[in-house]
Amino acid sequence: MSAVPPEAAINVRQLWKYYGDFPALRNIELNIAPGTCLALLGRNGSGKTTLLRIMAGLMRPQKGDVRIFGNDPRHSAARDAIGLLGHGIGVYDELSAEENLRLFARMYGLANPNEVAAQWLKRTALDHVARSLVREFSRGMRQRLAVARAFLHAPKALLLDEPFTALDDRAIALLQSLLAGALKGGATIIMSTHQLREAMELATHVALLNRGKLLFHGERPVEMIQDPTWLYRTYGEG
Amino acid sequence: MREKILYGMGIVAGLWLLRNLYVILLGLPDEALQGAIYRILFFHLPSWFTCFTAYFLAGGASILYLWKKDLKYDTFAVSAVEVGTVFTMVGLVTGMIWARIIWGIWWTWDPRLTWALITYIVYASYLMLRRAVDDPTTRARHSAVLCIFAFASVMITYKAIDWWRTQHPGAVLSFRTGGGTMDPRMESIIYQNWAALMLLTAVLVAIRMRQETMSREIEGMRRFAHAI
Amino acid sequence: MRYLRQTLTIAGKDLRSEIRTKESLNAAVSFAVVILVLFSFAVDPSADQIKEMSGGLLWLVFAFAGALVLNRSFARELGNDCLDALVASPVPSSALFLGKALANFVLLLIVELVALPVFGVLYNMSWARQPLLLAPVLLLATWGMTVIGTIFSALTVNLRLRELMLPMLIYPMMIPVLMAAMRLTTLLVNGEAIPADDQIWFRLLVGFDVIFTSLAVTLVDVVLVG
Amino acid sequence: MRYLRQTLTIAGKDLRSEIRTKESLNAAVSFAVVILVLFSFAVDPSADQIKEMSGGLLWLVFAFAGALVLNRSFARELGNDCLDALVASPVPSSALFLGKALANFVLLLIVELVALPVFGVLYNMSWARQPLLLAPVLLLATWGMTVIGTIFSALTVNLRLRELMLPMLIYPMMIPVLMAAMRLTTLLVNGEAIPADDQIWFRLLVGFDVIFTSLAVTLVDVVLVG
Amino acid sequence: MSAVPPEAAINVRQLWKYYGDFPALRNIELNIAPGTCLALLGRNGSGKTTLLRIMAGLMRPQKGDVRIFGNDPRHSAARDAIGLLGHGIGVYDELSAEENLRLFARMYGLANPNEVAAQWLKRTALDHVARSLVREFSRGMRQRLAVARAFLHAPKALLLDEPFTALDDRAIALLQSLLAGALKGGATIIMSTHQLREAMELATHVALLNRGKLLFHGERPVEMIQDPTWLYRTYGEG
């Protein structure tokens, strides 16, 4: 139990997660420095979603632990610091865009929920439909609202699970620009994805999972810009 | 080695039950009011005590699981509940046979009887909940929570004769009545039967635990193989 | 303070989306009426014994119709994976639970207050003879139902067989509350005093509420997170 | 011939996956017992009038427990978008419907045949006094329930509020069958002859089954495809 | 009502589909020759899924009609000819792989269901797990079984809705090789996708939908091999 490196945004130590007797994560060690964007890669079933959910405090591991800026993921300080964007958009269909954002602002205990909501509606170009119910939104609008929801409380750590799946080129570009903005603002980003090309536009680091084991973690190899599957071929067939 | 101990314990339990049966049938006099049939009490009451104990232990194991997150507690809990429901069934059936002979009907909605039935349903739904969850870890967690809630029905069943006026007879054992209602010889046989049934329970639970652990390991290995 | 605000935020959200769509309210109320009609075929509503069954019928209706409301409680969060967003937020699981329970409590009370007069008309009962005693029975028993329903709704929310498992789990657990409520309501609706023998039902209601609320609040984090 | 084979293929599939997992069978049977227990609180089961309510109670139990089975019928296909695969296959919608209805019919009968003796024991009734007359009532009424349940299960399968809508829709539609079955069963269980006055109930059952089966078979394609 | 061009595998004429008042498809005209592989492109909400579902006979349009080899999509000859692979895998979790395939073989009225099932299990390399329940399968195995299910009856027209979504590189390669095989065998393939690069490996034709209108349909432009978004930029901003 060495001390947490003071510079780590997210620190994962000797993490094991079992589903029954099946080890989905095996002894993961991971230090993520603040301000990096980590692309979490791995084949289907390698444990990416599991790892992200444990980091987000949605699940507990059997062994090992995770620190978000030095805190347990279930500690309220850690949860204030986390922004989560999973497969679903995480907003309510039967509330309006504005109501959704205010609700989450209030849940995060922000001082001025209404202002923050208005501000993010503007930033995601949804202010003209602020009062429409989310049910009536198109896929792109929903995705933007989901991003607003996740970014609302200025999280220092963003966790994204396959954020580009089933999005069209425009929606991907929008998400990338918002993520780039957050990164510039000092946030730490971790995203899992199979769409390597899209991920490589942002990623400063990559990590490769294979059947629950961490095979590679480090700065993005230059080879991957030209050839995104380079990593798989080099480390992945273990 | 463990096998042998288990089988040995099983044989001891069987022999003990046989010996008790001999005493019950030939050693004890008929009861004044009910005649020969009262002898069913020697299995009725110990069955209930056995299943209550099993449920109690399962509840304890569930709390331990939630605390330690070790699947062996969950394995114990499910094994104990399974064996417990068997004895609940024995208690229900012996009770119903007794009721048929003494009261002339198989069932009546008396609080004690009703709560005994509810207890059975609650633990049966525990077993059903387990089948509905695929991931063993989630399954363990959720069924542990249910197991803790479920114990309430056991307590109500136990206390039912004190809380309501029931058709079902009240307490007979001296630790509840303060003594004097029952021939000590009979009471001792009741305790002996209970002890023998508990021994049997221990054997059954151990066997079930082995099966459960094994099938979980096999499932884990299979998933691992499929994940390639 | 923060805890209270969070609880109320959650309750407010649930109530707001329910009031806006009235989905489960409408369904529960009309289901209640349907059941009342079905019962009227099963038992002869003009017979005298109906008086002795009034509390029983009423709470059966509340239990069946209420289950629709309770079932939606966490299922409501499934749609867009909202549950993950909630659990990942700084709202503690217990505040989440209490908020949802509060909303369900209000909704169940609404359903009951609508179903009561309908029952009165269909079965020709004057149910409001002892309102001051009936009110605490309603409140206590409804809270008991709510707590059980909400925690089991959380327990089953991710199950493949949610719709099958939920009724199987909640009704047996609710039986103590329902029994107490049935007995007391029958007495009160018929304008009778509550005999000393039956005082135990009040104590049972209070005990049940206290014990199960504390159990649920303690265990909900385990249910939602692990 | 091909039509028949397709119908049986669908029925066989549903029965096979249900027999393998026993999910809705277990749930329905234990739910039936739970309702019997709940009813025992609501009505005084030792009273004499219980005899007059026996058919009513029984069919309420069948209706509530059966809804669990019926609800699963099309919901079973939601999991991996199997419904799309079925509808896109060359099996006509009506064969799909009949196959599923057949499977549901068998499952409901199983639930009823288990619940009957349990009811007999718990409520101290000897229900098998006129088995030759009871059987057609059971079969006809169960088929009626099945048809209604299956077609509405298809209708609601893609609704967000399936769990809310289904009970609201099916019980009112089932009322004619249930009424007939309740009345006839009460008479038969109590060993009484069926008076001329009550013969109409038989005709109602047959008429209901014929009309609703043909309606459902005609309309199911519209329901599933549009 | 001109005659159907005899050479068309799938023929769509003046197709309109409304959801309520919202026109999801506006006057689509489309002729797909047998043996082609058509990539159906378009931004989120442009109507790709709607069009595929109408072709598969899962929905009826309000106006216009669709012919599958000259038949209405709900005609049983048309349905014998169609293989469908949607978002879900369309097989039952509680049955084994073998049982699933036999079931579908029987539903398609094949003469020898057991043999066909065995054959496809071998072809998708699932024969060693033929008796395991699908519930225990990994994502890749499920996808392969889904393909076996869709290909079982040797369909002459394959309809695929975003087949590559959330698959890893290996699973994508497998699917591509199976599709290439079907194409060689003379099947017609229509697939909707946002993953242009993967689609371009197979596509002989492309069609572009924009807000329910067909903007482009023709052979795959050569420009798209180098730059998959070329089509969007050239025709898409209408």
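In order of appearance the chains are A, B, C, D and E, and numbering begins at 1 in each one.
We adopt the following convention: a residue touches a chain if its C-beta (ideal position, glycine included) is under 8 Å from a C-beta of that chain, and two chains touch if they have at least 3 such contacts.
All values derive from a computational prediction rather than experimental measurement.
A.B. asks: Would you mind naming the chains that touch chain B and likewise touch chain D?
C.D. replies: Common neighbours, chain B/chain D: C, E.
A.B. asks: Moving only to chains each one touches, count the minimum steps from chain A until you reach chain C.
C.D. replies: Counted as steps through touching chains, the separation is 1.
A.B. asks: Taking each chain's centre as the mean of its C-alpha atoms, which one ends up farthest from the centre of chain D?
C.D. replies: The most remote chain is A.
A.B. asks: If you count the C-beta pairs in contact for each pair of chains, which pair comes out on top?
C.D. replies: Ranked by C-beta contact count, first place goes to C-D.
A.B. asks: What chain lies farthest away from chain B once each centre is taken as the mean of the Cα atoms?
C.D. replies: It is E whose centre lies farthest from that of chain B.
A.B. asks: Between chain C and chain E, what is the gap in Å from one C-alpha centre to the other?
C.D. replies: Between these chains, centre-to-centre, one finds 47 Å.
A.B. asks: When the centre of a chain is set as the mean of its C-alpha atoms, what distance in Å lies between chain D and chain E?
C.D. replies: Chain centroid spacing, chain D to chain E, equals 38 Å.
A.B. asks: Please report how many Å separate the Cα centroid of chain B from that of chain E, as a whole number.
C.D. replies: Taking the average C-alpha coordinate of chain B and of chain E, the gap between them is 56 Å.
A.B. asks: Among the residues of chain A, pick out those that touch two or more other chains and give their numbers.
C.D. replies: 45, 60
A.B. asks: Using the touch definition from the top, which residues of chain B touch two or more other chains?
C.D. replies: Residues 69, 118, 121, 125, 128, 132, 134, 137, 219, 223, 227-228.
A.B. asks: For chain C, which residues are shared contacts with two or more other chains?
C.D. replies: Only 79, 160-161, 164-165, 168, 172, 175, 226 qualify.
A.B. asks: Which of line, ring, star, complete and other names the graph you get from chains that touch?
C.D. replies: Contact pattern: none of line, ring, star or complete.
A.B. asks: Strictly by the criterion at the top, what is the full list of touching chain pairs?
C.D. replies: After working through each pair, the chains in contact turn out to be A-B, A-C, A-E, B-C, B-D, B-E, C-D, D-E.
A.B. asks: Provide the residue numbers of chain E that touch chain B in the complex, in ascending order.
C.D. replies: 129, 132, 135-138, 141
A.B. asks: Per the contact definition, I'd like the list of chain B residues that touch chain A in the complex.
C.D. replies: By the definition above, chain B touches chain A via 69, 71, 135-137, 216-217, 219-221, 223-224, 227-228.
A.B. asks: Mind pulling up the chain E residues that touch chain D in the complex?
C.D. replies: Answer in residue numbers: 53, 56-60, 74, 76, 79-80, 82, 84, 86-95, 99, 103-104, 106-109, 149.
A.B. asks: Show me the residue ranges of chain B that touch chain D in the complex, using the header's touch definition.
C.D. replies: 96, 105-109, 114, 117-118, 121, 124-125, 128, 131-132
A.B. asks: Given the complex with chain B, which residues does chain C contribute to the contact?
C.D. replies: That would be residues 151, 155, 158-161, 164-165, 168-169, 172-173, 175-176, 197, 200, 204, 211-212, 215, 219, 222-223, 226 of chain C.
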